[in-house]
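Please find the structures below.
What follows is subunit A paired twice: with subunit B in the first complex and subunit C in the second.
Here is the complex of A and B:
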């Protein structure tokens, strides 16, 4: 019985196809792991390269012990606090320096700029003059008053 | 020989070394000093600020307990731990029902630091339930406890941990145990409202290094303990603002009950 004959292109293609198939399997496998990890934990595959116990615990959204408040959290809660006082931001956006700007334009023209470094800058326009105040999280009442009443607060 | 500083390793049996109650508000938290006084029933001795972390910290140490409130933007962390510097003042008033005589009666000379008696647990729960109403809109709640059990050796610590983690098969040739797991589960807080709760706990066997400062000498002491740290919290995605005050109270009870269960019964599978 004669062995099956292959032309040279078929023989050359087989290992290539096998490699492709293997690569496809690997790719599918990685995707599955990524998807599962994403469901279980915010730590994804790319983070594992720089894994450390502390970073794992601080990044875990399920844990609260090492949870660090970011300027995004502060901006969100500040926006809520201002809204509770009837001061609804007309626009909210992230600036190129990562700070988050809340703009009030429909009533008194004012801005609240929350920086990652901890500063909260309030700018209140009075006529043609911009009054700038550098405040912190302990000055929430003053921020509310400045946005509501201007520099007369 | 007068003892002027105390060591956690001296605690006989179960010792709760930290108890934490955390409130994540939807709003910015103001008046940390008032919150501190409301929760702990005393005025803070110290106040500090870390601007870059948006954090203000208030603390007070009396009667062997360190009370701390860390406020960071929308988050408030109420913590009690044994105080590093204990002033043995017989006239000190009680904190959470724990007076000087009660602390002194807990054991030998070194055992002045609680070993928190049940009154502290129940009073802390009451204080937690009392403070929640001070926040206009609560987003998330968390309870954390760190409990140590004295052990004479690593094997002794593993023996205790083996009771709490029976599925781990800890034996003489195991070491470097650090086991952390979250077993999420939904709980009914009333009126058909189910809240996802993260039942997160970490078990390990740390070496405690402590300085015992006497009047005339300082002694460094190390000891091994079995340790569990719980972090029981409502899931990030569940905004608690939808709950009424009674449901919030029920949730606070549930969080403390779960934390207690984790420390007493171990990993709940």
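Here is the complex of A and C:
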């Protein structure tokens, strides 16, 4: 089998084409990286575009599907859920470790702290006693009951 | 590249400088002061002292070790000179801090290969106030956190909420007493004599560098 013959113009164009091909590869590679990053980003995440209060509640109550949310979304949704049950947070703090603390002090004294690690800590104060509960996103109804009814819930 | 001007602390009163003094023990009946971002008018601490996030070693000022001083001395920023005149002050008794025992009920139980329990029971978080003078702030103390009696580098996230709530409860008892010390409009004017005295002490080398942890009382 004879070797293919190239004319001089084709041979001269080879390094240029190789560079272009490499550049194109790099470009697609960068696009992939950006696409991966944007999946993690709370703004561009496809799941979060469809994220809503109803989906959060239904999924957290009985769903087993995995979906990505940031702890800020969880805190906002929790706050909205509690508000719909007449439990309006009196204060909201964002701590230096970026955990979000909702304080309820006007009625029953309680707080809900949503940590970036996913843990939700609920403290219900009864007299001199602090009752502490470490819960997760799946325990929204229990959090509502604890804040509303105390440890008798 | 612009050179950042080094803050010497000339506006910090000379009575607060450590100079040749050495660390002392903090008594249980002493009072310590912690600055924090101001609460809205009429609000209580309840579950959180704003800005009380560094639980492993929180900075406070001792009252007994601050001769001729006031609680407002804790508002001095000894590092950069951006003093916190608009901040509020929380107060604690070191004895009450030392009496805090915060258990972590979700402590992992460790077992060996034969399923025997190596370590069980809740981790106990305790705290101690130690005198930790800074060169320009002799009454400076540190509240150190311990887990089962050993110094802790990082408090687990869920425990932070519980510990912060306990400290807020302690601070709430003395909140009204500390209200008198919140006067953001009261900014001490510069004192040229003090500045001269501090400058002289710096020139004469009468200032201590930071004490190593081993020398903390």
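One rule holds for everything that comes next: the second predicted complex is superposed on the first by the 85 of 153 C-alpha atoms of A that agree within 3 Å, B and C clash if a C-alpha of one lies under 4 Å from a C-alpha of the other, contacts with A are read in each partner's own complex, and residues count from 1 in each chain.
Please note the rule applied: a contact is a pair of C-beta atoms (placed from the backbone, for glycine too) under 8 Å apart; a residue touches a chain by one contact, two chains touch by 3 or more.
This structure is a prediction, so every number in the text was calculated from the model and none was measured.
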item: Partner chain in contact with A:77 - subunit B first, subunit C second, else both or neither; value: first
item: Partner chain in contact with A:134 - subunit B first, subunit C second, else both or neither; value: second
item: Which superposed partner A:96 touches (first subunit B, second subunit C, both, neither); value: second
item: Partner chain(s) touched by A:149 [first = subunit B, second = subunit C, both, neither]; value: neither
item: First, second, both or neither for A:126, with subunit B first and subunit C second; value: neither
item: First, second, both or neither for A:117, with subunit B first and subunit C second; value: both
item: First, second, both or neither for A:109, with subunit B first and subunit C second; value: second
item: Residues of subunit A contacting subunit B in one complex and subunit C in the other; value: 117, 119
item: Touching residues on subunit A, where the partner in the complex is subunit C; value: 91, 93, 95-97, 99, 101, 103, 105, 109, 111, 113, 115-117, 119, 121, 123, 125, 130, 132, 134
item: Sites on subunit B touched by subunit A in the complex; value: 20, 22, 24-28, 30, 32, 49-56, 71-75, 136-137, 140, 142, 144, 178, 180, 182, 184, 198, 200, 229, 231, 233, 235-236
item: Touching residues (chain side subunit C, partner subunit A) in the complex; value: 43-44, 46-48, 50-51, 53-54, 105-106, 157-158, 160-162, 165-166, 169
item: Residue ranges of subunit A touching subunit B (in the complex, touch as defined); value: 53, 57, 61-65, 67-69, 71, 73-74, 76-78, 80-81, 84, 117-119, 136-138, 140-141
